[in-house]
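All remarks here apply to the structure that follows.
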Amino acid sequence: MKTTWLLSAALAATALTAASPAAAATKFEFWYGLSGDLSERVQEMCSRFNASQADYEIVCVSQENYENNLQNTIAAFRANKQPTVTQISDGGVVDLMLSGAFVPVRELMEKNGYTIDWSNYFSGISSYFSTSKGELLAMPFNSSTAMFYYNTDALKAVGFEGAPQTWEQVEKIATDLKAAGYECPIAFDPTGTWQWFEQFSAVHNQPIASNGNGYGGLDAVVEFNKGKFVDQLTWYKKMVDAGLMVHKSKAAGQTANEAFTAGECQMSSSSIADHGSFSKQAKEGVHWDVTVLPIWEGTERHNSLVGGAALWTLKGKSEEEYKGAAAFYNFIAQPIEAQHWSTITGYIPVTNSGFEAMMADGFYDAPPYKGRELAIQSLTATPPGEYTRGIRLGNFGAVRQEVSKAMQSVIFDGVAPQKALDDAAARSNEILRKFEQTYKGQQLP
Amino acid sequence: MIERSPFFDALTYAVMIIGLILVVIPFWIVIVAASQSLQEVSRVPISLLPSDQLWVNLSEAWDRADLAPKMLNSFIVAIGVTVGKITLASLSAFAIVFFSFKARMICFWLIFITLMLPLEVRIVPTYSIAANALLPFQVILDTLGITGLVQAVSGVQIALNWNLLNSYTGLILPLVATATGTFLYRQFFMTIPDELVEASKMDGAHPLEFFFDVLLPLSRTNMLALATIMFVSSWNQYLWPLLITTDRANFGTVVMQLKALIPAQNGTPDWNVTMAGALIIMLPPLLVVAFMQRWFVRGLISRDK
Amino acid sequence: MERRAVYRNKVLPWLLIGPQLLLVLVFFYWPTSQALYWAFTLEQPWGGGNLWAGLDNFLYIFRDDRYWGTVLRSAFYALAATGLSMLVALTLASFVDRALKGTKLFQSVFIWPYAIAAPAAGVAFRFIFSPEAGLVGAINDIWPGIWDPATNGIHALAMVIVCHAWLGIGYNFVFFLAALQMIPRSINEAGAMDGARPFRRMLDLQLPLIAPTAFFLLIMNIISSFTDSFGLIDTMTEGGPIGQTEVMVYKIYVDGFKGLDYSGAAAQSIILMLLVIGLTFVQFKWVERRVHYN
């Protein structure tokens, strides 16, 4: 607890010493795709930045979610009314890369006289938002990975101590829980392709697409219908039919996260970013913990994928606004601000030194932050490889939709997993071909 | 009355009462749910009697969806569309019906065709020009070589730009640009007897005097009907504002806020607040229809000619 | 439509009609031509260029069995919602037409649904039909899992259609009632004197006379099923589960604005526009014929 206290004190001090903003402050906009609790955290960050200096005023606008933010940013960009800074998640990276609609962050910072040690950023993060030559294009901001959450009391009640590490254990626990009268052993949302499909593929080193998940060029084809994911989907279906996994989603009236924090479901998979809000929202008497994603026995654990989003600087703004954006990036890269951000949310510290400092401070030793270090362990289980450094597919959001539809049709309509995935793969490839044609003659940077 | 049998009268009332229940039940549930506490609204099945939390929920919904500025926006848009439509429609119908000029029929059809395609159907095209509504003129100037000419002579480059994103004009004008009103006015003007025009001409009155002094007073019913229809339909617009507004805080309309009120991720299923919000949002057009019923029914029907 | 008495003036009519023409040009004809262009190219989502694609976008759509699924679903949606709504409205109108005491009150309430925004009705019906809350959810307590629009596409579609039909009651009612009231009373009375029962009279005498109105309503309802459905689907199901409530307009939105495929969406828009123009054309043909009969 000591760390947090010191941190708050330091932050308060920065806020106090700051002069009131002068009338001539340059205004610039920052659009982001977070809502609710996380949105409030972003707003606080923005006010701190505004209070810390007098030259720039950042206006932070929530666009509800990543998808909406991407859609609105594109609309605004086409109308020449874009924000200076926008938060784009993994799904929209390739489209943006090829559009040339942005100023690379490295160039921006150098031009404005800030030196940032780029090698300090986690390799998993930089490989997601860099060119093939390793030049970082966007400012790492909120990074996460998928984790496995479990209710400690329930697991103890059926005689399981510690954290489940394999899917075999998970299945056994779920069966025991069911037998002991728990109605919802595992919360499962078939639209959650990120944790149940992409991250599964990464930790089992399964290709999602050829060309090294698309990093090798725009002519990649998807391959998720060929590897272990087919068996995994078959297993999900078996679990759902046996009542061991229970469908929880927004459309069904209660999300998996809600069902878990309410103590109704005993296991769930979600982002490490939710660690903070779980602590807040868990009902009285619900005790829970977090661990890395389970793997199948006899397989080797690979690193999981970086999730979350980065901040992109868009073209077409004034030099003054770019100066402001650079100042903002510099502000969030300060160790104290970065540490505060990952303390209050659950997002991982994005730099190596940041993580080490927090480790050394004993931040991860006690609740409520204990367990978050496992996210780093998951991200660094192995060095990023061909199929674990990220996914670089054009219009990936649409490909995700296809996988989501395949998962739903297996779970809800009993379509055979192989058939559903073959179908999704065929459609995904059509999407990729169309994208390739749209950007004919262009190379991934 | 033809059948006077008590049985048939009873049947008539029975059917009308069933119809009344059918129509009213969604309203009733909205009101009931909006008046209940979270515990009450979560009960299955829901109690069909109102409770005492209406005011609490209304103000909660009002705050949560930030309805104050959105209400204002909705009124600005609805009134803007209504006024714009009535003005343009009456003027152009006047031109089409009472003037004889060469391109009259072409103009009529140019305007009339727009009646067929509601905004939702041509959403992609309309969106494509949201960035710059003046693009067509720029293209014309460019093709005619005027841009180049002006630049050569004066050194000024003509760059027309009229951005619709996040603006009232963007929300209003595309909705004004349809033929509903024009058609309605045309139908009405066609029924004006020739004698009136002749008389006005004999008096030596200017066509505009005829328009303002004779036609407008005569078309008051028509105008009220059109106003009701336009107010309701523009208040209820959903897809267009959704696309044209990236700055929801300042330019969002109330109907867009409905989705924000649905219990979503990481929230409690407080449908009572959702329903209270829905109630606030559906009330203004409902009141307009209820009070303007006589005019509006007549107006609706006269479209079918 | 020719009048005898008209003004002759070279400038004034253009000044009067100018503003409207300008708006229609800018917001209708120009964008439509733009969409036509997009439909034949591959447009980059962030702007900045497009490539000529010929008929590729259309071929892509026509080859896609999911698109045809959407077309069939839209047709079913349109017919089911229209049929349901018109049937209810006609029944109510024919009883209201008897003008018994107190009918006025019923009459004004029956119009209410017209005033309601589709998304607002969507939110209300979503609650009413929610599987674990509200009204219909209660039957899940008796037979667990019997009603589940969150995973069952048929349930979800039924829910949206019922809501759509409800929304249309007011509009259809107004027209049916007006049409019924225009029928000369003598016709009805003559029928009654011949000893025809009310229901028979309805079928044999009234229905043929209100057929033109019914036909007009049919077309208007079908067109509205393209427009109002967006707000309903977006607030009730967002096209789900598994896209089983996606109709044509919603698919255009999903593919174009969420899927960033503007060209494919533009091609779909063109198809939809042609479809609506076709329907309207049929309607005009009918109206023309009716004029001849009169």
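Lettered A, B and C in written order, each chain numbered from 1.
We adopt the following convention: a residue touches a chain if its C-beta (ideal position, glycine included) is under 8 Å from a C-beta of that chain, and two chains touch if they have at least 3 such contacts.
If you're wondering where the values come from, they're calculated on a predicted model, not measured in any experiment.
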Farthest chain relative to chain C (centres taken as mean CA coordinates): A
More contacts between chains, A-B or B-C: B-C
Centre distance in Å when chain A and chain B are each reduced to the mean of their C-alpha atoms: 41
Where chain B and chain C are represented by their mean Cα positions, the distance between them in whole Å: 16
Where chain C touches two or more other chains at once, by residue number: 130, 132-133, 257
Per-residue overlap in chain A, given as positions that touch at least 2 other chains: 78, 253-254
Shared interface positions of chain B, touching two or more other chains: 127, 243, 269
Touch list for chain B against partner chain A, complex: 127, 130-132, 161, 163-166, 243, 246-247, 249, 260, 263-267, 269
Chain C residues within the chain B interface of the complex: 1, 3-10, 12-14, 16-17, 19-21, 23-32, 34-35, 38, 88, 91-92, 95-96, 98-100, 103, 106, 108-128, 130, 132-135, 137-138, 140-141, 166, 169-171, 174-175, 178, 188-189, 192, 198, 213, 216, 223, 226-227, 230-231, 234-235, 249, 252-253, 256-257, 262, 265-266, 269, 272-273, 276-277, 280
Chain C-touching residues of chain A, taken from the complex the two chains share: 67, 70-71, 74, 77-78, 95-96, 98-101, 247, 249, 251-254, 395, 397-398, 401, 405, 408-409, 411-413, 427, 430-431, 434, 437-440
Complex contact set, residues of chain C against chain A: 42-48, 50-51, 53, 60, 66, 130-133, 148, 150-153, 237-238, 240-243, 257-261, 263-264
Sites on chain B touched by chain C in the complex: 1-3, 8-9, 12-13, 15-16, 19-20, 22-24, 26-27, 29-30, 33, 41-42, 44-46, 88-89, 91-92, 94-101, 104, 107, 110-111, 114-129, 133-136, 173-174, 176-179, 182, 190, 194, 197-198, 201, 207-208, 232, 235-236, 238-239, 243, 255, 258-259, 261-262, 269, 271, 274-275, 278, 281-282, 285-286, 288-290, 293, 297, 300-301, 304
